[in-house]
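Per-chain numbering from 1; labels A, B, C and D assigned in written order.
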Amino acid sequence: MTLLEVSGLRVTYRTEDGPVLAAKDVSFSLGRGEILALVGESGCGKTATAMAIPRLLDDTRATIGGSVLLDGVELTALSERRMRDVRGKDISVVFQEPMTSLNPAFTVGRQIGEVLRQHTGLTRRQVRERVVELLDLVGVPDARRRAGSYPHELSGGMRQRVMIATAVACDPKVLIADEPTTALDVTIQAGVLDVIRDLREQLGTAVILITHDLGVVAEVADRVVVMYSGRHVEHSPTAAVFDRPQHPYTIGLLDALPARAALRGGRRRLTEIPGLVPSPATDPDACQFAPRCPRATAECTAARPALTGADGGDGHLVACYHPGPRRDA
Amino acid sequence: MRRRTYRAGAATAAALLLASCSTPGSGSAPEASPNTLVVSTPTEPDSLDPTLANTFAARLVFTSFCEKLYDVDSDLKIVPQLAAALPRVSRDGRTMDIVLRRGVRFNDGTPFTAAAVKTTLDRDLTMKASARAGELSAISRVEVRDPTTVRLVLKHPSAPLLAQLADRSGLIMSPTALKRLGADFGTAPVCVGPFKFRDRVSGNEMDFVKSTDYYDADKVRLNGIRYEFITNSSVATANLESGDVDAAEHIDANDAITLRGESGTRVLHSDTIAYQSISINVRPGAGTALSRSAGLRKAFEMSIDRGALNTSVWKSQNVPDCGPLPAQSPLRVRPHCTPYDPAAARALVRKSGVRSPAVQLMVPTGAATQREAQVIQSMAQDVGFKVSVRPIDLVSGLDLARNGKFDAFLEGWSGRVDPDGDTNDIITTGGSNNFSGYSDRTVDSLIARAAATNDDRQRSRLYARAVRRVGEQRPLLYLYHNRWFTGTSAKLHGVVYQPDGIPRFKTAHLAR
Amino acid sequence: MNNAALENGPSAAADPGAAAPEPVPQWRRTLRRLLRRRMAVAGAVLVLLFLLLALVGPLVTGSQTRLGLTHLLAGPSGAHPLGTDDLGRDVLARITGGARVSLLAGVVSTALALVVGVPLGLAAGYYRGWADSVLMRLTDLVLSFPYLVFAVGMAAILGPSLRNVIIALAVAEVPSVVRIVRGETLVLRSQDFVEAAVADGARDAAVMWREILPNMTNTLIVKATVAIPAGILGEAALSFLGLGVQPPQASWGVMLTSAQQFLSQDPLLAVFPGVAIALTTLGFNLLGDGLRDVLDPRELL
Amino acid sequence: MIRYLLRRAGTAVVTLFLASIAVFLGVRALPGDPATVLAGESPTPEAVAAIRQQFGLDQPLPVQYLHYVTQALEGNLGSSTQDKAPVTHILAERLPVTLELTVLAMVVGIAVGMLAGIVAAVRRGTALDYAANAFGLFGLSIPHFWLGLLGIVVFSVHWHVLPASGFVGFADDPAGNLERMVMPVLVLGTGLAAVIMRQTRSSLLGQLSADYVRTARSKGMSGLGQLGHALRNSLTTVTTVVGLQLAGLISGAVITEQIFVIPGFGKLIVDGVSSRNYPVIQGAVLVTVTGYVLVNLLVDVAYAYLDPRLRTAGAPE
């Protein structure tokens, strides 16, 4: 049975200039120990979708629709009180900015211990020991001393490891990582990704990885969901999305990568996807990529394409009337 | 009027006027023992050492614990207190024999003798920074004729000396206490008096308790007196109404009127010897419009309606006058007053050739005086003067006045029993309180001759001529004599309120 | 593995919907956001009223100094809409006269404090080192002196007057101006554009004046909207203690002092000046809050 | 940490030293001096000179200053020119009065201010927030001496609930003391509470939207837990504001003492200036400055404790 079943997830924000639809009917599932990547440009709703699962959005302005089943439990129906028992225990989160995501006034050890005190009955001494273990687990050198230091005394990479240690402290079922490496130097990124992969191996923690970096996807993710303007446009195993991208938008994304362009030889200007991302306030019954899609036909603007199985099988789905690999020369 | 003591606070005008305020009256300071009179006075006395004391506030407190050789009655006549009778003065006026009361003891039980009087007077004459030396300057030496008679040998006949012995120079100190405390006598003073000093909390209050050694102890019906220092008259009135104090000395006119309307309180008043005046700088180099032209000074005086000033600012409580001597003074001759005549004043101003002559009226800070200054300002401006009011911190004002750095100064004098005290040193050349820098040989000689004779008829004629001359030259404009008020609780009886503005509580008692 | 062009998204072809508006000048945008804040508008109205009262008022109402010895402490009447004070003067005239005094006290003392405080703050923040610590000690010293004691002393030396009150208030305000400007300068000093100006060989004064100062105008504006009401309250307090304005000129503080003596006979006398002070300072505070929100770059939507 | 505090203590001493010079010279700049006051109603030049000599005022200024400082260091602040009582004794009597007023006002100010600030921030946009804001504006705009006046008119004149003035030692009559302290403390505390409320609200709002609070929420912390995180960080800005406000509190106390006739430091200094009582003015102002400097040191210590970045990365100067 799949660990996490998200179906028809809708997230709308109330703003002064009218409602903004951050996520529109997003559905996907996550198996135990599986790493799923949510990919898309900035503002495509990937973070909103992920954060809606543990309901970490701003309650005063965001409303969440659709269903989120975790091990058969419908999270959207839980009261805020009950939800608090899920956050940090069953679902935990690692944020993008390690510099500001830790409280500067408390020691690192105390902030990790906090989640343990919240959800487990461990004594103070046991919590201290567990914290040291966790720091070792995520690769923080000299863990016992580091536990007593303050966030500003650690490097960006170290802080992200502390965040991860905090997230996995209670051995959660799902870890949501919101662009965990974006704020780090390239050299440090690899280290953090290794940690996430090792955790999946050792603890069997399922991970939802939010990123706009296809390189990260290729390296760590098992499956991929490509999002465009709040909608999922393509689901596929990682390998399949790179070898046989079905949705024109996915194809456009991949073509824009300089490395791949070089593979195809010749010195040419990098291809780009023409046009602008549509305004999030609109949700027409049409394929919102149509205006920028080389394959757009009347069909595309008439009705929204449903998510259908692509030819490669094994769960490769695409929401397009003219899916398929690149046809042009 | 030199009520220096009442302007102690530069920032006055603080609290409010309460209609009626019967708050649960727990005593304001630590619970006073029963049958102890709680009296509020506006300012805190400086030192309680008779030789050094200067402030009027000290005189208010001395009456309770330190009696004098002589005192003043309600008609300003000098009556014996520690002396048995008025002094016998030799025909040439150069010796004065004082016979003392018998069987009197100081509050420390030691006997009150002629030797004690000599010790006190010698100390007043010789001690460094003594405030009494000037007042007793006529004495060349003090002799003890016998245990109850003191002879004062004078350098020259001096009529005002007797009045001085009815003031602070008459306070007699216990020699044993003097030997014990020396210069610190003021911290624990011992004299002859209905009450004796018990304790002093600086800035807050002073406690006195009934003295068993006092010769008139049977007339004293209070167990003690506590003086509390409440600068603001309105607050003192409030405390009186709330029962926190039994008497409030020297309250403002409008507070007195409020109290009259109250059932639980009574108001005693006394037309005192103090007067309010405007000193005008007439020094040659003063460079002000008023200093250059006697005509303008006359116009300035004629622009002031003393009656209207009295009604608007003082609720017609004071006694308008244009001379220094109080109404009760036996030596007083009614001075010729310049009438209030704005038309004539305007003519004089035009005649002076100075277009809207400028006058800067310097005023010590204080709500009542500020209002008074503004009324004078508006009256003078009606006749063509351009008056600016300059409020100033009292000590700075006196400093500027003494150095002649002023134009007009609204400042009076707390007054003295003997006319010499109201004239000498004020209108005589070089006097320390002669702010205007007025110097007139005739006036100087008149005052000197008046001080040197004991013939009252001749003294009053001499003072009258001096006052008339000052009235013509106008270095000083007299406005009114002050009526002072003491509010008391309705239960308080037997308080004697003399024209020297000092209420006596010797025979006071609180009805149950 | 780099993440190339994906991050900034395609540009070029114009999206049909959004016609690029021509750039709106900064101050008009600030004004529009300010107007959206109801409280700030209320504040602005109150301040305008106060300015009107101060500038035009005295011309409209009668003389604030003419005495009316016949009708003391009279209640509101036709001739005297707000009644008369303890010397029969028209209270309305004195309120308008007082407004002018308060305006002067508030604005001039703030201006003076800025004129003195800004250069000192710039110097302290820019040069740091011994200059900084000397200035800091001086500001500490002035801050540690209760400004009232300073005012009492000055009133004793020079005689109480509006000029002395303004000086005393300005001196009391300088330390906080110095501290704020210094704080901003320290931050701005380490910014790249300042380093660049220094690298270009610009003289220190030029760097401070043209590079650093313009970047703290918002903070200074907000500081001014706080300092002006503080100045108004300060003047009223000092006049209340008899250290302020010379009679017969009226100041709200002086009016309160004289009203105090007649509280039981005519309580209204104490109400009008108090209300005038409160409304004026409220106006500035509301305006100040609005400006602070609008000018604060980090202001959330 | 210790090095940081020692440096601050050093600056405090310098400030105190500068203050002693400033008040020493300032007082002598006043026209007239104790001698002119004490020489009484008809001062003769000799009497004035004698008094001046008695107080050592005739000596050159540096000599007087050195004498004053050496005496002061030995705890002898000279004696009042008015009633010859030792200044230390007078200050000892008056200090508890002003201390009680300012400390109570501070406690009320901080308690009410922070509570209102927290409620306004947590319940942003609700009626509570508007009420707290209204209170803040009220506190800032109403001149506190007028507030005192109105208080007296209402509570003393009409309802006779509270005494209008005067002061009673707490030891002597606790009920009477507190009864007389209610209004002055409220009058003085309101302004402080308003400023602290606004500061707490704005800094807390900033902190509540910080990332680490979102992290706390993601760890399953309750609203209260998240508030704890945010509050801890906003305390630093609040403490600095409290430090700054305390200087104003002392001046405010002077006015409040004047209204309610409380024989505290304010009245002592104001009366001292009018009677040119050099030793008392110098003593009182120095104690006030010491008080201010001590408070600032406390604020620095609190600052360093609250913000760990200071402890390791040097002073926030």
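Remarks
Here, contacts are C-beta pairs under 8 Å (C-beta built on N, C-alpha and C of every residue); 3 or more make two chains touch, one makes a residue touch a chain.
Since we're looking at a predicted model, the values are computed, not measured.
Among the chains present, the centre nearest to the common Cα mean is that of D. Looking at A-D and B-D, the interface holding more C-beta pairs in contact is that of B-D.
For the pair chain A and chain B, the distance between C-alpha centroids works out to 93 Å. Averaging Cα coordinates per chain places chain A and chain D 55 Å apart. Look at where the CA atoms of chain B average out and do the same for chain D: the two points lie 39 Å apart.
With each centre defined as the average position of its C-alpha atoms, the distance from chain B to chain C rounds to 48 Å. Annotation for chain A: no residues touch two or more other chains. Residue positions of chain D with contacts to 2 or more other chains are 30-31, 149, 152-153, 157, 258, 270, 273-274.
The residues of chain C that reach two or more other chains are 152, 156-157, 240-241, 260, 263-264, listed in rising order. Looking at the complex, you find that chain C touches chain D at residues 132-133, 136-138, 140-141, 143-150, 152-153, 156-157, 176, 229, 233, 236-237, 240-241, 256, 260, 263-264, 267, 270, 273-274, 277-279, 281-282, 285-286, 289, 298, 300.
Across the interface of their complex, chain B is touched by residues 30-32, 36-45, 47, 50-51, 54, 80, 82-85, 89-90, 93-94, 149, 152-153, 156-157, 160, 162-169, 172-173, 175-176, 258-261, 263, 267-268, 270-271, 273-276 of chain D. Put simply, chain B touches chain D in their complex at residues 2, 4, 7-11, 14-16, 18-23, 26-31, 44-47, 54-56, 128-131, 133-134, 184, 186-187, 200-204, 230-232, 235, 238-239, 242, 244, 393-396, 398-400, 413-414, 425, 431-433. Put simply, chain C touches chain B in their complex at residues 65-67, 69, 72, 86-88, 152, 155-157, 159-160, 240-243, 246-248, 257-258, 260-265. Every residue of chain B that touches chain C in the complex is listed here, in rising order: 10-19, 234, 254, 258, 308, 311-312, 365-367, 370-371, 373-375, 377-378, 388-393, 395-396.
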